[in-house]
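The following pair of complexes shares a single chain, subunit A, combined with subunit B in the former and subunit C in the latter.
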Partner chain A sequence: MAWLDTIIQGILLGGLYALFAAGLSLVFGIMRLVNLAHGDLIVLAAFLILVLVSALGLNPFVAALVAMPVMFAIGWALQFFLLNRTLGTDILPPLLVTFGLSIVIQNGLLEGFTADSRRISVGGLESASMALGPINVGVMPLLTLASAIAVIVGLNQLFYRTSLGRAFRATSDDPITAGLMGIQPKRIFATTTGIAMVVVTIAALYLGTRANFDPTIGPARLIYAFEAVIIGGLGSLWGTLAGGIVIGIAQTFGAAINPEWQILAGHLAFLVVLLVRPRGLFPRAVD
Partner chain B sequence: MALLETRNLIARYGDFQALFGVDIALEQGETVAIIGANGAGKTTLMRSISGILANQPDAVLFDGEKIGALPAPDIVARGIAMVPEGRKLFPSLSVEENLLIGRYGRTVEGHWNLQTVYELFPILRERHANPGTALSGGQQQMVAIGRALMSNPRVLLCDEISLGLAPVVIRDIYAAFPRIRAAGASIVVVEQDIGQALKVADRVYCMMEGRITLSGAPSDLTREKIHAAYFGVA
Partner chain C sequence: MTDVTISHWKVETRTKASASFAIVATLFILLAFAAPLFASRSVLQDLFFILTMLVLAQNWNLLAGYAGLVSVGQQAFVGFGAYAMFALVILAGLDPLAAILLAGIASALLAIPTAFFLFRLQGAYFAIGSWVIAEVVRLALAQWKMLGGGTGTSLPREATRDMPALKFVGELFGVKSSGAGDILTYWLALLLAIATIGLVYRLLRSKQGLGLAAVRDNQEAARSVGVDARRMKTLVYLAAAFGTGLAGALIYVQKARISPDAAFSVVDWTAYVIFIVVIGGIGTIEGPIVGVIVFYLLQNLLADYGSWYLLILGLIGIVIMLFAPLGLWGLFAERTGIQLFPVRRRLTGGPVSLAKKGGPHG
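Up next is the complex of A and B:
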């Protein structure tokens, strides 16, 4: 039964990685923009939730709800005023600018919060568990996976059931022709990043409540997010969930063999998928 | 006052000048054809009017308003829609979604909606769930025209809509023009097919090397005059 437990724990861990990756996938899917500051923005959101919890005494889940519109506004402004200027045929400018942004966020957080490790407490929920048949699972990991699925379902509904979603896809296909339809591509891109930052806030809630964090851990989260996005297939949201789960399962199996192999096993799974299916498990039909 | 007018319109791609002081006018209810060989500047003229290429504000006037410097979304909002060369359907959208995106952000109702576009091109109703780009060239062109109509434009710009299509398909597409005009749209059509242009237009402009070289009603234009203006030889 240990293997079943390992698989389930891996799937649950995959939910967290899928949350890390969903925002990155969204931004890449619409704008072909690789945001190297994505991990740092998750950490920034975690600190924002921490501040709201400690300064206002809010429940972390309520604090995350308060943080979401703030992060949306930050994402919107970041894209509209800065990142839109870097978009074009050359992929280097957005990479350089977001790399610089990553450094700015890390150093800003170090200045403001020091390098100490932090954690957002959710009280008894941290250790609460429930029985799923013969397996016991933690409530927080279960909530994380449920949130990841809810985020993916929500984003898919937005993309395929709304007028705004059509505008997202049209702009992603061809921003110039989208302009001829009355769509303002720069605003669509800004809205995309704003929504990605809302997802980032959800990811930050679970990052901050399930593990310690400090201003410098963003780049490592970025790597997991990248791997999940690439395993799933660039721009595919369900693929991103699958990618997160693949990494999660690989890591828990690695840890079951030897705790030192946990991270390595995730990276190896990524390399294997890259070798076998270079476009990922569920690549978009249109690229 | 003309509904749509360009005055001394100049367009450049970097250092390359593509248009040299182009003046055209479109009256309410009119169909105007722009003819010319490849590279004459016809598509550049369409891109300038539709806001893809920015110009001096007073280089394009719509209903007396200076719109030359406005971006494409603002031009559409004012009532000028374009059917771009090559159709440019959105590959990730179905036929119906391609049509619906044409009225993005519009709240004002007009003659054109899904129902009336499907009546104009019935085949699109049958193919509504297919990806737009999975259709034949002629059907794609119908989607592109329907998409532009969905914004209920006062001016419809059609850039090379017959390019690469079979004659029977071209005939079907142009057969929709009277209904489009009857619904209130004035039309600018860019054509390389001179015969087709003369058949459909109230007035014709001929372009060569970024300049208007001839204009007039089809009945006033002789074969020799068009030949000279089109190819630059007498």
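Up next is the complex of A and C:
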């Protein structure tokens, strides 16, 4: 039964990686921008929740709700005032500016919060578990996966059922023609990054409650998110969830063999997929 | 008249500034080789740091600035070169100097399989993919228990002390082995920096360099006139891996102590290098030289401020990328028209009346 347990834990872990990846996938899908500071923004949101919890004594879930509009505003402003200037055919400016941003956020957090490991406490919920047939699963990991699915359903609804979603898709296909139809691509881009930061806040809640975090762990989260996106195939949010689960399962199996191999096993799974299915498991976008 | 005068046309890249710069540079290089005669050990160590960072920056600039391959995973080759050197010295008992060269070759060999994976990813995804590769190499080498696993190891003292080259340098300058070590590594760093700049310059002036510039500016157009873009990019990627691996091995001969986290540090070997190139001016040979000097000055100025230093460096990088994407050297060259390493081909000579013609089309 041990292997079944490992698979279940891996799937649940995959939910967390899908949450990391959904924001990255969203931003890339709409404006072809790869944000190298994505992982650091997740850590920034985790610190924001931590501050709200410790300073105001809020419940972490309430704190995340409070943090969402703040992160939306940060994302909106970041895109509107900084990242929009970097968009274009040249890939250098967005990459180098977001890389610089990653370093700035990391060191800003180090300066403000030191390098100490932190954790957001959810009042005993982190150790709660429930029986699911023959195996026990943690309540928090289960909530993480459920949130990931809810986020993906929500984003898909937003894309295909609302006028904002139509504007998103139009801008993604052809910003200039969309502009002729009265859509302002720069504002659409800013809203996209704002929404991505709301997803990032949800990811940060589970990152901060499930394990310790410190200002330097952002880049590793970026890498997991990126791997999930590539494994799933560009442009497919459900593919991203599948990608996250592939990495999650690979990591839990790696850890079951030797704890030191956990991270390496996830990366190797990514390389294997890249080798046999270079366009990912569920490719949709052409670029 | 036609036949005779047409034969006087010449395609040149040399400019007046570059010709006089060549003389100054030669004198400067001679002075730099003589530096151990009058410079203190701490100055030599600082120069070693500047020169090795310059080599890393030139290699990254070749990748990102000329081949359009924006890698944030070059620490893979710094670390792999360093570990290959340690393995050759500790496990095979090789002389560290020979090990440096072999470590460079080992890094280029590592680049073959990684290129196979990475070239499946386009543009921005290439960047993060290169980071994944660096993580894989780091995690794999951290499993190598003979070289200290996750905590790392040191070079045996007798290996670094008993190098034949070290005895020679020590006798030449009448210094102890630790002082001779600093002189030797400094000279090697100087040689490596000159060779790197020389080779990059030669490449850019060659037919291949022209093809590379064409691919960077417009890949489809370049391919339509017969430039094999993929082959050019692969060659540049392998060459940069070789140069970066050599630099990594040399840096760790001087450090004499290695650990996976330090040897594969994305901040030390990639972030700093990117900032050096961006601040100095990406896509020029002069840029990284200017950048490394600015970087060194900033580091000394802000050394006491800890993480503020990196934060400020990041902000400067962002501002330059947004408002002066050509960097400091680019701003200077734009205003003065001076190029120290000119690669642009110009037509000179020909009939005097044509060459000297002014006016809107002259």
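The criterion applied here is as follows: the second predicted complex is superposed on the first by the 284 of 287 C-alpha atoms of A that agree within 3 Å, B and C clash if a C-alpha of one lies under 4 Å from a C-alpha of the other, contacts with A are read in each partner's own complex, and residues count from 1 in each chain.
Convention: a contact is a pair of C-beta atoms (placed from the backbone, for glycine too) under 8 Å apart; a residue touches a chain by one contact, two chains touch by 3 or more.
Quick caveat: nothing in here was measured; it's all calculated off a predicted structure.
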| item | value |
| --- | --- |
| Touched partner set for A:Ile230, first subunit B, second subunit C, both or neither | second |
| Partner chain(s) touched by A:Leu92 [first = subunit B, second = subunit C, both, neither] | second |
| Superposed model, subunit A: greater residue contact from subunit B or subunit C | C |
| Partner chain in contact with A:Ala150 - subunit B first, subunit C second, else both or neither | neither |
| Subunit B versus subunit C as contact partner of A:Val272, first or second or both or neither | neither |
| Contacts of A:Ala128 with subunit B and subunit C, given as first, second, both or neither | neither |
| Partner chain in contact with A:Ala211 - subunit B first, subunit C second, else both or neither | neither |
| Subunit C-contacting residues of subunit A that also contact subunit B | none |
| Complex interface listing, subunit A residues touching subunit C | 28, 32-34, 36, 82, 85-86, 91-97, 99-104, 106-108, 110-111, 219-220, 222-223, 226-227, 230, 260, 263-264, 267-268, 270-271, 274-275, 278, 287 |
| Subunit B-facing residues of subunit A, complex | 163, 166-167, 169-170, 172-174, 176-184, 284-286 |
| List of subunit C residues in touch with subunit A within their complex | 64, 68, 70, 72, 117, 120-125, 127-129, 131-132, 135-136, 139-140, 142-143, 150, 266-267, 271, 274-275, 278, 282, 306-308, 310-311, 313-315, 317-318, 321-322, 325 |
| Footprint of subunit A on subunit B - complex, ascending | 50-52, 71-73, 76-77, 81-82, 84, 88, 90-93, 97, 100-102, 104-106, 147, 151 |
